[in-house]
Amino acid sequence: DCPLTVIAGPCQLESADHAQMIAGRMKEVCDAAGAQYVFKASYDKANRTSVSGKRGLGIEEGLSVLAGVRKEIGVPVLTDVHTEAQCAPAAEAVDILQIPAFLCRQTDLLLAAGETGAAINVKKGQFLAPWDMDNVVAKVESTGNSRILLTERGTSFGYNTLVADMRALPRMAQTGYPVVMDATHSVQQPGGQGGSSGGQREFAPVMARAAVSLGIAAVFIETHEDPDNAPSDGPNMIQLDQMSALIETLMAFDRLAKANPINL
Amino acid sequence: DCPLTVIAGPCQLESADHAQMIAGRMKEVCDAAGAQYVFKASYDKANRTSVSGKRGLGIEEGLSVLAGVRKEIGVPVLTDVHTEAQCAPAAEAVDILQIPAFLCRQTDLLLAAGETGAAINVKKGQFLAPWDMDNVVAKVESTGNSRILLTERGTSFGYNTLVADMRALPRMAQTGYPVVMDATHSVQQPGGQGGSSGGQREFAPVMARAAVSLGIAAVFIETHEDPDNAPSDGPNMIQLDQMSALIETLMAFDRLAKANPINL
Amino acid sequence: DCPLTVIAGPCQLESADHAQMIAGRMKEVCDAAGAQYVFKASYDKANRTSVSGKRGLGIEEGLSVLAGVRKEIGVPVLTDVHTEAQCAPAAEAVDILQIPAFLCRQTDLLLAAGETGAAINVKKGQFLAPWDMDNVVAKVESTGNSRILLTERGTSFGYNTLVADMRALPRMAQTGYPVVMDATHSVQQPGGQGGSSGGQREFAPVMARAAVSLGIAAVFIETHEDPDNAPSDGPNMIQLDQMSALIETLMAFDRLAKANPINL
Amino acid sequence: DCPLTVIAGPCQLESADHAQMIAGRMKEVCDAAGAQYVFKASYDKANRTSVSGKRGLGIEEGLSVLAGVRKEIGVPVLTDVHTEAQCAPAAEAVDILQIPAFLCRQTDLLLAAGETGAAINVKKGQFLAPWDMDNVVAKVESTGNSRILLTERGTSFGYNTLVADMRALPRMAQTGYPVVMDATHSVQQPGGQGGSSGGQREFAPVMARAAVSLGIAAVFIETHEDPDNAPSDGPNMIQLDQMSALIETLMAFDRLAKANPINL
């Protein structure tokens, strides 16, 4: 088993300088900790709670910034796609296309993403059971693409609340594909602030550690140098200067977990 | 308050003859019962559980069939749209564009639909609280379109199960827009049969009646002359020849409810 | 099918005068509306959120007050029991013993209650499925007592929230026993105010009407002349002087529902 | 922080020999792994799904067997109490009185247990939020007893399913009291086999490990030499001869977690 991969970055792109600053800093942190690093950011927040929420740089400028991160910082890059038409251009700029949770059952989007040949990270919908992802996997596989990752990001639990079921991680791993824990969005409180989503930033390291102890492939953590002033997901992003200590600890749990694999 | 509107039809289009047969029969049933009738069918099932599930006629043939129903049978027609590009052509063929529940937070789709000027029926996501629809409404309203309907179709309740919270109906009505109860999909068991969704057809009339007793604007019921052999949603569609008795009963509850309005 | 029974009264007993005032007023209201009436009040609130919440008159004085209501007002009386030892004395003072929802799986309590020969109203636990009540029924039946009622009072739905699944009513009716809708507690927000439970009084009539439209045997509604100053459950009790209009409306829905029975 | 305590034993007592066999074996396992050990078994299963489920030895013989384990094997002993009257005699025979989850809001039971001066382990109800336990703690503290433990055993999640929210562990730890993860019952499927509860034994080690990685005080695991033929909770008990490897692994995670404490 490989060491833990850390997928991290700001929720949405702000500028080329900002993206490279975070990517550069996170690469240092992950190199020091022995983790592989993947930069993550969105060029468009297509499903903000409110129509007035900031959506980001847009696809053209955004993909250019993401390609710049890949070239200048030398790290793999992940971004999310929202329509079939976005898949091919995004796959030229980045390494991993991510299917947003709300869209994880949209057949055409899964097929278009799969057909690019890029790696595909599908977030499990808040409305799906872990075993429902078997059908989602089959949609991507039908394109001949088997570079698939599956992400847990919490399940609907009453109103404006998510819960992360740890059983989902080994259950999704039974597909044979790497499993990712999204520690940021699983502690989101969707719509919990009326016009935007709330979150419980203090629980993101809790979720990350519990999941890493089960021997998962990757952890997904959004980070920002000033979360309280970030354009989106501020309430659940981790401060950039706290990432080093967090990743170091997670790597210790990862080594112990990989030495003691769980097999259902 | 107007009498109850019945939105009914097969889950997916099969042929022009089939669509007109069902629309014609339902129009008779609704005319006899004093209900307004809207024909509903999908030209594409874009989020089937499995990649091998039948998806329907496709947009070109499908819209032509829907326009035919409108012209030949003389009833308003509703269909669901899945991408921004589908909105304008669909709005030429039908009267009401429906936003699928999984897509109810996709800002661009809501805006594109709103901009057609057609009536827009937004299904509340299985992952949303009733009050979260206030933000969804504001997205459509931002296009200047206030011909909006809001539909309850059940909320995630553990795995492979939905629950319909009756409080959602008067709460969504506080937006000032008409509220629809989708009695068919609120008794769906998503993914409950492994490669397809299960359902509890016997509970659809239960949900419809409870909701109508609260004075809602419309009820949404999928119907088919042979549900067990329908290409999708068979387990929760009502048999066509049982619709007459069901609608008659619902109209009696509607009259009583409209005479005794609930105001939160 | 008999006309709707209304089980109503204050959450907890305050004094003999207060109990008889409410019982007398509710009897007039129900007589006028054609409903059978059962007085309900608790002599002890054994599971208050906080240790400092008021618990009521206690069993000795409480049962004496309840027996007084039965004798002076001439109505059947229901109260809840919390231990085996309480069952026999309570069964002498009242007509219906109620098993609280948290205790609905406590075998010895169910058996002791059943053995009194009194009618037994079991509230479905917030943690049970409707079909789980089949086993609860069998526990009471094992005592030879088949005077059983089953009450829906909401199911856990995330934290501090309940949801009432309308499907539970016809499903529990399949046991053959009368089904009661507790419109008061199904809109409770357990623990929602920190040291006490919150509630959404405005939704109690909504729940009652939706349930009555399905043809249930009885509705359970707590009422008080001044809910905001009641010692418990104030946030979800209905004001006494609003009960007349509410019961009148419910009886109209009951007549329509009983004329159009639902059979699963 | 102390090393992890392991609370383990069969779901219900079968005989003195059987109890001492399991206690003796578990003591060896825990001594070898550096864990403190507490023997757990029930003398009465007071809330079986079905009236015909086996309930155990009863209080008199049961307490005698438990006292025997304490004396002969030399380990602390935990058992659950169901009525106020059981608290005092149970507190003479065992070290820790456990309040069952369904009963965790029953004020008199909490007070009677607290008044014995024994340590009190309260299981969080399947219907409670983690923060609701603050009020439960206050009830026990009101007796002057502050030897309190709080146990997570899963929360209602739709029908016949529980989910364990990892956030509950650090949140309950904010009370200042030791927190226990019940890895056995949090993977129970209540009522999931019709007349008895189902379970997912393979997930118990998953839950235990995730929780231990967060630095909890104790883990609760039911074990039996032949779970498939045990009188209760067979589907989720761990085989006795697998406990040694499981505890060894958990202790490695415990050491790492205690060296890296989480503070909310």
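A, B, C and D are the chain letters, set down in written order, and residue numbers restart from 1 in every chain.
What we mean here is this: contacts are C-beta pairs under 8 Å (C-beta built on N, C-alpha and C of every residue); 3 or more make two chains touch, one makes a residue touch a chain.
For clarity, every value in this text was computed on a predicted model and none was experimentally measured.
**Q** Looking at where subunit B touches subunit C, is over half of the residue numbers used by both copies, so same, or under half, so different?
**A** Same: most residue numbers at the subunit B-subunit C interface appear in both copies.
**Q** Please identify which chain has its centre, taken as the mean of its CA atoms, farthest from the centre of subunit D.
**A** B
**Q** Nearest whole angstrom, what separates the Cα centre of subunit B from the Cα centre of subunit D?
**A** Measuring from centre to centre gives 48 Å for this pair.
**Q** Just the number, please: Cα centre separation of subunit A and subunit D in whole Å.
**A** Centre-to-centre distance between subunit A and subunit D: 36 Å.
**Q** If you average the CA atoms of subunit A and of subunit B, how many Å lie between those two points?
**A** 33
**Q** Identify all positions of subunit B at which a residue touches two or more other chains, and write them in rising order.
**A** 155, 157, 159, 163 - these are the residues of subunit B that touch more than one other chain.
**Q** So with touch defined the way it is at the top, what topology do the chains form here? Options are line, ring, star, complete, other.
**A** Basically all the chains touch each other, so complete.
**Q** Residues of subunit D touching subunit A in their complex?
**A** So the residues of subunit D in touch with subunit A come to 155, 157, 163-167, 169-170, 187, 200, 202-203, 205-207, 209-214, 249, 252-253, 256, 260, 262, 264.
**Q** What residues on subunit C touch subunit A, complex-wise?
**A** 157-159, 161, 163
**Q** Tell me, which parts of subunit C touch subunit D in their complex?
**A** 46-51, 55, 82-84, 102-103, 105-108, 111, 125-132, 135, 138-139, 142, 155-156, 159-160, 190-191, 195
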